[in-house]
Amino acid sequence: MYPLPEGYFAPRDRWYIAAWSSEIGREPIERWILDEPVALYRKENGEAVALDGRCPHRSFPLGKSRLVGDNIQCGYHGLTFRPDGSCTQIPSQPNIPNVCRVRSFPLVEQWKWLWIWMGDPDLADESMIPSLEELALEGSSYTIASGGYSLVNARAMLLHDNLFDLTHIGYLHAPSFGSGGGALDTVPRVTQGDDWIDTQYVQLGVPMPDFHARLTGYEGLVDRYQGLKLYLPGLHVGGSAFYRPTGIENQKGELIGSVQVYHGITPATRHSTNYFFATGQTMTKDPAVCQATLDYAMRSIIPEDAFATQEIEEMIERSGGRPSEILLKADRACVMGRRLFEKMIAAEHARAISKEGAISKAAE
Amino acid sequence: MYPLPEGYFAPRDRWYIAAWSSEIGREPIERWILDEPVALYRKENGEAVALDGRCPHRSFPLGKSRLVGDNIQCGYHGLTFRPDGSCTQIPSQPNIPNVCRVRSFPLVEQWKWLWIWMGDPDLADESMIPSLEELALEGSSYTIASGGYSLVNARAMLLHDNLFDLTHIGYLHAPSFGSGGGALDTVPRVTQGDDWIDTQYVQLGVPMPDFHARLTGYEGLVDRYQGLKLYLPGLHVGGSAFYRPTGIENQKGELIGSVQVYHGITPATRHSTNYFFATGQTMTKDPAVCQATLDYAMRSIIPEDAFATQEIEEMIERSGGRPSEILLKADRACVMGRRLFEKMIAAEHARAISKEGAISKAAE
Amino acid sequence: MYPLPEGYFAPRDRWYIAAWSSEIGREPIERWILDEPVALYRKENGEAVALDGRCPHRSFPLGKSRLVGDNIQCGYHGLTFRPDGSCTQIPSQPNIPNVCRVRSFPLVEQWKWLWIWMGDPDLADESMIPSLEELALEGSSYTIASGGYSLVNARAMLLHDNLFDLTHIGYLHAPSFGSGGGALDTVPRVTQGDDWIDTQYVQLGVPMPDFHARLTGYEGLVDRYQGLKLYLPGLHVGGSAFYRPTGIENQKGELIGSVQVYHGITPATRHSTNYFFATGQTMTKDPAVCQATLDYAMRSIIPEDAFATQEIEEMIERSGGRPSEILLKADRACVMGRRLFEKMIAAEHARAISKEGAISKAAE
């Protein structure tokens, strides 16, 4: 589906952020991920569990059911499933058919996220999750406020498009932090690997944006370095750093202040997206100030991104699913990103076909 | 459509509950039945009328129109139809074309229900309506409160599934009457005829459920007999009876108390259902107590059934219309019920084809 | 689509009312016209502009963007377009690709309307807009209140059907102005041209309707002349005039009072319609009285028409898109109107095919 080719939705054999650690407890929740319902909860020892959110008996939502010890009990007829997905009880009969089980998804808790693997469990490899050092979550000087969540009624690729091209800041975010010198009107430098894309914007000797002037208490010219790195398929990490201007690229002056952002993008359904957001800064270690910045973002900035992508989702649906578009220089990351996603999905399709072939062969 | 085969929706040549008698008066109402709009009202002498709810001129809803004497006058251009469906007036012209008429549906008022026949009127046979004695509505010791109505956004077969398998009581109804010993964790005995299915649950020497203890004032062990009989296509009637325990099946002790329930299930559209509910009991003849029990059911119990079936309807639609499912021992009535529905519908299809054949033959 | 043949929606090579002049200013608005989004705004000199409402870059709605001088700046990445649709700025890059432009629609401001041409711009001919004298907007004795607007969730042809057959007044409008002698229970005389249909209703020696008696202060018998002329594809203009009765057609007595109405019908999407309404009268020149009459119509009369057409739209959609219907004598204008619309659309289809042929030929 747009902007990917027909039949392409999202990679499956990858880790996605399923939830903030703080969202999941002893009351199960339902969350849609890759167009499937998932039931998320914690065992008594605190370990998090992700099960297929649909009871195999009558399709009642397990995410709207209740826990009995470490197990989840379907809210309709009481079928009870262990964290591994096996059935431990059917109240109306003593024997439990083998087919009566749900899928249990690999789930890893790292930093404050729960990472889920919706694809082939044999391929689930924890080392594919970006490391904390890499993400500046450990060993860095950022004080971070986390836990921002929003369900956006737009396909995930529109949110990637949004983050691939930060030249939107001066326009879409004019009502919040993009005004007063905030515009990033410059073509970014883009680099990529097999499963990441890094986009860096450099502005030398520009006025400090009003928003950041208020945060840092510094007004005047700066060298501004800003960018985002997407760890496919769903985590954009990056920041803005402001230096006393040298006017020469790569020759940085004194750091005035730096902001870090984390955008988790996990497809909910084909037309909606789970959006996770956190932000950090070097200017203060006061958690209340950091929390206030996060609250401001969730109240004022992220809703602007949600507005744009939801409007575009509606335009796409009203115009038959595949709108014409013009690609600009600043869309380079966006084009490269689409190709990376496409390649990942194509590789999965090829793997599925060859696996089927192998199974047929084995059966001969 | 699920859980019936594709192309199967609901039998038509059968009586369905269209409304409670008390719902219909001198102000017409619109009610969708078997995916068709029906206009319901009463003549000046009190007789109830059911007409096609769509004006044949411009498709304006007759159920949102007004009465002129015994006739209904379309709210758009004033075309007026008699209770037999013939047109008595077209305000803008003197002559009335023969084709200008609406269908009038056979309608029978029995006890407090209006029964409608949406199929071939030549086949409408009042004796197919369950008798009052059969339904324990006359000659029984139940004091009944009636008139419960709810439009549920789920296909009718999901509500039949719900009533075919009462092992849901201890789980879905845990917040209302299913807790404190209320669970019916036992495989029922199922018997059937051409157009009925009877499901009986027997629990010997079990604790009196809290809910029924409050109703009867009796605590302690009981022999519990509970069940529902579906008179196809749409009325489930049954009850719970509690006896001083003998612990031996079919050897009943002293009756402590008994509750009777009536669930009318009439498809509205393919994805929504008219749900009619009444309840009776032997413990008191006080109508206020009976009404309070009905009110409690409509406020707390029926919404639980609506919640489950609506959630499942949504799961079905999101998963492409035909979810996988696992059938348990307690699903025997459900499986037999689907077969009976399927057989009834198949017989109607066969009848329709042979009728067309006869018409073609006559025309040769 | 119903009531036109499949594949027929609405003529494009015609002028439609896009907005009231008073609706458009220095804040752009989005309006859907013929299933396309249009951005409407005024330049600094007051001239009105209509641009394709979708940014060609990422499909963000230009009608929800902002103005920079005479140009519109996309609210997402700041691409800026001139009133002629050419792009004047892409903030992130200096050069502007030729393909980066939006369509600018011919727009004519006449009386208090903005008329838009959504079809082939080479064919846009201002003389096809009805003249003000013709519409009794200049050189007439009517005092007019304008500016009524409503978005109706029904296809435009249902609103034409409604206005083609005023015998609905005594029934649909019984709660507002159709009661107390207001019914127009008579077959109209219909005449037509290539792009207009005129429908006239004559009632001789009938009681003055209550509503008009209140407006004119005259009670008693009248000769009543009423009618509407549709200037295809979207403006119905007409009036009611009441004379001291002679009882002889075409021999008019003394004019008691006259009311003029203007109904602009512009398809928004395939299932919704922009409805513009104005009304005038000869009984008073007091603008407050005229405004009060318009307000009453927008509060009480037009909602009745919207109710009927929305109910019918829903009936059509629920019944598979093509309901059966019966055509009465009073439907003559409606039948002729459908044929005129069909003919116009067929001619456009033929023109499009011959144009493609000519282009292929030229390319050989």
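To keep things simple, chains are lettered A, B and C as they appear, and every chain counts its residues starting from 1.
What we mean here is this: contacts are C-beta pairs under 8 Å (C-beta built on N, C-alpha and C of every residue); 3 or more make two chains touch, one makes a residue touch a chain.
All of these numbers come straight from a predicted model, not from anything done at the bench.
Although chain A and chain B carry the same sequence, what matters here is overlap: shared residue numbers make up under half of all numbers found at their interface. When chain B is laid over chain C using CA atoms, the rotation angle comes to 120 degrees (nearest 5). The centroid of the Cα atoms in chain A and the matching centroid in chain B are 47 Å apart. Shown for chain B are the residues that touch two or more other chains, of which there are none.
Residue ranges on chain B touching chain A, taken from their complex, read 161, 165, 167-168, 170-172, 183-187, 308, 311-312, 315-316, 318-319, 323-326, 328-330. Residue ranges on chain A touching chain B, taken from their complex, read 35, 37, 54, 56-61, 64, 73-78, 90-93, 97, 99-100, 269.
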